[in-house]
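Consider the two complexes below, in which chain A is the common component and chain B and chain C are the respective partners.
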Partner chain A sequence: MDATLLTQYVLAGLVIGAIYCLMAVGITFIYSVMKMINWAMGEFYMIGGYAQYLLLTDWLGPARWYLALPLAILGVGVLGMVVERVLLQPMFAGRLERLDEYATIMTISLTVLFRNLAVVVFGPYQFSPRDYAPPVQLGPLPINGSRFVAFLGAVVLLGLFQWVVRRTWFGLALRSVAQNRVGALCAGISLPRIDMLAFGIGVALAGAAGALLAPVFLVYPQSGALSTVKGFEIIVIGGLGSLPGSVVGGLLLGLVESLGSVLISPSFRDVYGFGLLLVILAFRPTGLWGERAREA
Partner chain B sequence: MQRSIVAAMVAILIAGGTGAGIGWGATPGPLVLGVLTPLSPPGDPAAGQLIVRGAQLGEQYINTVMGGVFGPKTSCALPATPVTVAVEDDSGTPEKSVAGFRRLVTEEHAVGVFGAFHSSAMLATAPLADELGVPYISTQASAADITGKHFQAVFRTHPVDPDRAAAWLGFIQAQGWHKVAMLAENTDYGIGLAEATKTLIAQKKLNMTLDAVIFDRTSADLTPQLLKFKAEKPDIVLNVGVGTPAYLIIKQAHDIGLFPQTPMLASYDFPVRPEEYWKNLGPTGTSLTFISYFHPRMALSPLGKWAAVEYAKRFHSTAVYSNLNSFGDAMILAEAMNQACSRDPRRIIAQLERGRFDTWIGDGATFPRGTGVYWHQWSPPLVILQYTKQDETYDQAPILYPPALKTGTFEAAH
Partner chain C sequence: MGRARPGGVAPVDDRAGRADPDAATAAAGGVPLTRSAVARPAALAGALIAAALLPLALGSYQIHVLTVACYYVILASSWNLIAGYTGLFSLAHHTFAGIGAYTSALLVIRTGAPIPVGVVCGGALACAAGYGLGTVTLRMRMLYLALATWAFAESVRVVVSMEYGITRGDLGLAVPKLLGTSSPVPYYEAFLACAAATVAALALLLRSRVGYRLRAIRDDEGVARAAGVNTVRWKRFAFGVSSGIAGLAGALYGHYIGLLSPVAMQFDEMALIIIMVILGGQRTLSGPVLGAVVVEVASEALRAYGQMRMVVFALVVVAVMRLYPPGLVGLGRALWARATAVRPGSAG
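Coming up: the complex of A and B.
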């Protein structure tokens, strides 16, 4: 195979992989802090897409995409905090014994609610905001401007997220809650507030992926379904609860899908990701960066 | 005594297996025409919406102009009966289509069903139509197997795969192109069209090569396949996606500089919906060629003219093929009931096989037991159009093919 073509496939895979990472990092972050799986992540991705579409086409116009993007992310984050405060926080208030089951039922219900709300508000149609950036040449790969912005946006957001988690007092509080909720409580950290913020930030990352990808892929009520599957695939590959694992898992998945679909067959694009997952689980049952845990 | 009870039970069970059990014979009030069509993704909901509108127009014509089924213009000794349309969403998926068909027949007592758009959904449902003995007309599902499998209750008023393959191969030949790339979704529609095109090239010994790549319909990123095509430098790319994938192929081919430098031909008429097409693609959509089943230069039948005028009045937009063909299917079912003087679906099926029915175009549709894919098949004409400037509507687009209707020549992108 031509080396230029192979480089193009690799670059295309890495670009899409970086965007997958956002989704996976959001899921794994919420899990790390709150010890619950948010099954409605795809719907927050979808809401981010719709928000970006409305901002770009009706409210701000394509020229102000740099304003639309943070507004869409902020909007999804605030919605996430409201959802956490109203619907999820009661389960941490000591009245419920089966937290996992409650969280699963609640977030799956949210999936149904948000999808149907999208159908009611926007109809079942597909939408796509216009491209807001000129095409870019990334080495040998000609790339759509909006997709390049999505790639850069994903890298910047992941970097920013890593900086907040590793270098700030707020990040320290988040990490302490992730390590030991009781210990963090004893140290004077307000768990309800941290949970609310963590959930808001986690879903904002999914919303960011949706908003960044709105001009690249189409926006429709079920558009989040596939990204949820990819997100969970990545966190299992990378190791549940591991942020570096999510990043590496996302890039690996993007690469495997890109190369598999041209070197083998595009009919089985999704199978390659699951194949990778099975191989990794066979050798490292906790994922690439996962650690064995014991619960009392 | 015991024997008569057993006989009565057997009679009830037999009735349960026929129309009487489902309730077509006994149901008072309007006759129900079932519309089973995609109204949500992953199907093509915009197409489904247009099909529903066409069916509503059919209901209007039957109830007002015809005075109902068995109305005064027939020789049937049955009371004139109005019709009503019951709609089910199949989402373009086999499982929802099967459930929707069953619901339309057993709960709504539909005497006939139409509106199918996605081939996989219709193919999965066809055996159920046979089992229940209720006529099921494909409004816009084109996979060869739908009629090729010779289902007793299944009919089609839409071009079949070989018709479509013949049209685009004729167009490609006329352009003097030889190297054809096809990106087809992994559905019965996509795979069927790839097979039909390959077969026709071989049968006619055309001087053409076809690189058909089948992709997973749920994939959102088709860039790697399109990069491969770009490296191969084909003369034309055939876009065989339906709904979301059809748009993604255009957008992503444009992103990597494959389209419009290399011409692209879309396999069906989604670009005729300007409010969706131009809104989603903007200038990217210019230069696309696409198959359409209707253009205002085609002569409509009196029924078609009525439908076009009433559609504009009722929905404030120009009627497109999905509207007209769905309207035509409602009319065909009503005419079959009139000709058979019966509301029994099995008699309607028998009448569909032997009658001739007015529809929106041409001099009447027939559904003989033809050979191969032409079993119960009637095909309307099809044309190939090209958008040459942004925000053009399909009635302004030049017809490139067939030569008899040609109004323009292919314009390469500058």
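Coming up: the complex of A and C.
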């Protein structure tokens, strides 16, 4: 195998990895603030895809995807906040007590609910909006226009997210809640409000991934399943609650999938991630950047 | 009683000693002299006989539904062993049923082995796979474990649907039937017997020292190890046993339904098992049984609504969780406690 081809696959892997990062960062962000896993992440991804598709076909017209994108992301974020306020808030009974099981069961039920609701409303069909842009030449790699847009979108969103978390007052509040809920409460931060916003933002990242990838992978009721698995694999590889872990894990997963497809066999593309996960966990049971906690 | 904590998933009967008042006395070697020690087995035996006689009263469609319900009773109960009692929140339980089913079916089809041999091999392979997964995930805590087992489940599903040369993938694999008849009644009796045997075996296991070790691991793994529990051994054991049971059940089920496809290995199936256990009540023996039967019967009753049924269903679960987290068994116990509270001394 020559060097150009290898570079092509490495680049392709990095591009898809950056998009996986959105999912993973969303999951890990919700986890670090609320200490719960949102199992319905993939369903918010799916809803993001549907929202984007509907906006493009019924309202804005296929050319104005750049307008549809923020609307879809915002819509998913608002839905997430409503879900959090109505269904997940009781998880913090008495403000500080949290119950893992409650959140797990609630979000798993939501998975079933959203998935079947999508089948009822839109039918089991696969939709696909038109490509966002014509093919682009990225160094030695010719790349599908939508993929390129998705890659750029993912990078921009991740940058924006980093900026909010690191540089703003709101980000400081989020980080303080992630560090110590009691401390944050004592400092006068409203936990319910932060939780609601954090859940909305995390879910909106998944919705963004869904909307960005709508033309690449199709939009259908089960579309969230695989992306959730990818997201969780990244989280376990990178370490729960670690943002750099999610980014590195996402890129690593994209690379392994891309190289595995070309070196071994493309049919098992979705299995290589699990292999990588096992290898990493064998050496570091809490992932690359995970905290070594007694109770994780 | 009245231990149900408001506003959360109240672990009804969380501590080992409280899990069953009889268990403590039985484990201590004493003969329990409470009234429930006689009344409860009698009631259980009566219920079992009544269940076995149901085919006399019901049509074959209802019996089919109950057969499927029995299958889910086995899956839900065995998942309750690993997730509820041992605290290993595995999300690969349906995968082990699928592994058992495919192993048995392929063995019977390829080598012409008799079906019972296939079923046992399916259970054995699922047990081995579960033991293996338990070994790999030994050091992982709650959420890591859930995520890793889920990734395992999805990977197995992808392999099964991709290796269509062997498994026929999404086309589905026709499986020879266990019995020559088309009547569901003998299958029902077989599944009922298996479900009863599973629940009885789990009850015995949980009353033994092993059961206490498993619960100790759930409550606090570090303390359990300090108290001399070989946590490595018993965690693997719990994984192996519950996966093996799931594998056996899956293999039997495959030979009843006659068609296997990777659809049965989708996460929805796991979600169904979780919903059954939670709706019934975690960490109780009767919870998963009740939950499985109620869920299966209810989802059949809602079948007229097509895809809406799963929506309705998920809404019901969300509503139950939101409004009354302890589940059906918790509700039953609360009512029972209220009913018996006025008569002091009768609670044992």
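Note that the second predicted complex is superposed on the first by the 288 of 296 C-alpha atoms of A that agree within 3 Å, B and C clash if a C-alpha of one lies under 4 Å from a C-alpha of the other, contacts with A are read in each partner's own complex, and residues count from 1 in each chain.
Throughout what follows, a contact is a pair of C-beta atoms (placed from the backbone, for glycine too) under 8 Å apart; a residue touches a chain by one contact, two chains touch by 3 or more.
These figures come from a predicted structure and were not determined experimentally.
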Overlay on chain A: chain C relative to chain B, clash or fit: clash
Which superposed partner A:V164 touches (first chain B, second chain C, both, neither): neither
Touched partner set for A:P135, first chain B, second chain C, both or neither: first
Chain B versus chain C as contact partner of A:D2, first or second or both or neither: first
Which superposed partner A:A63 touches (first chain B, second chain C, both, neither): neither
First, second, both or neither for A:F268, with chain B first and chain C second: both
First, second, both or neither for A:V82, with chain B first and chain C second: neither
Which superposed partner A:L277 touches (first chain B, second chain C, both, neither): second
Touching partner for A:I108 - first (chain B), second (chain C), both, neither: second
Partner chain in contact with A:R147 - chain B first, chain C second, else both or neither: first
Chain A residues touched by each partner, larger count belonging to chain B or chain C: C
Shared contact residues on chain A - chain B and chain C: 119, 226, 267-268, 270
Complex contacts: residues of chain A adjacent to chain B: 2, 5, 8-9, 12-13, 16, 119, 123-128, 130-131, 135, 141-144, 147, 216-218, 220-223, 226, 257-259, 261-262, 265-270
Residue ranges of chain B in contact with chain A within the complex: 39-42, 45-46, 186, 213-216, 218-225, 227-228, 231, 243-244, 247-248, 251-252, 254-257, 276, 279-282, 284
Chain C partner contacts - residues on chain A that touch it in the complex: 31, 37, 87, 90-91, 93-94, 97, 99-102, 104-106, 108-113, 115-117, 119-120, 225-226, 229, 232-233, 235-236, 240, 267-268, 270-271, 273-274, 277-278, 281-282, 285-287, 290, 293-296
Residue ranges of chain C touching chain A (in the complex, touch as defined): 5-9, 89, 136-137, 139-144, 146-148, 150-152, 154-155, 158-159, 162, 222, 266-268, 271, 274-275, 278, 282, 306-308, 310-311, 313-315, 317-318, 321-322, 325
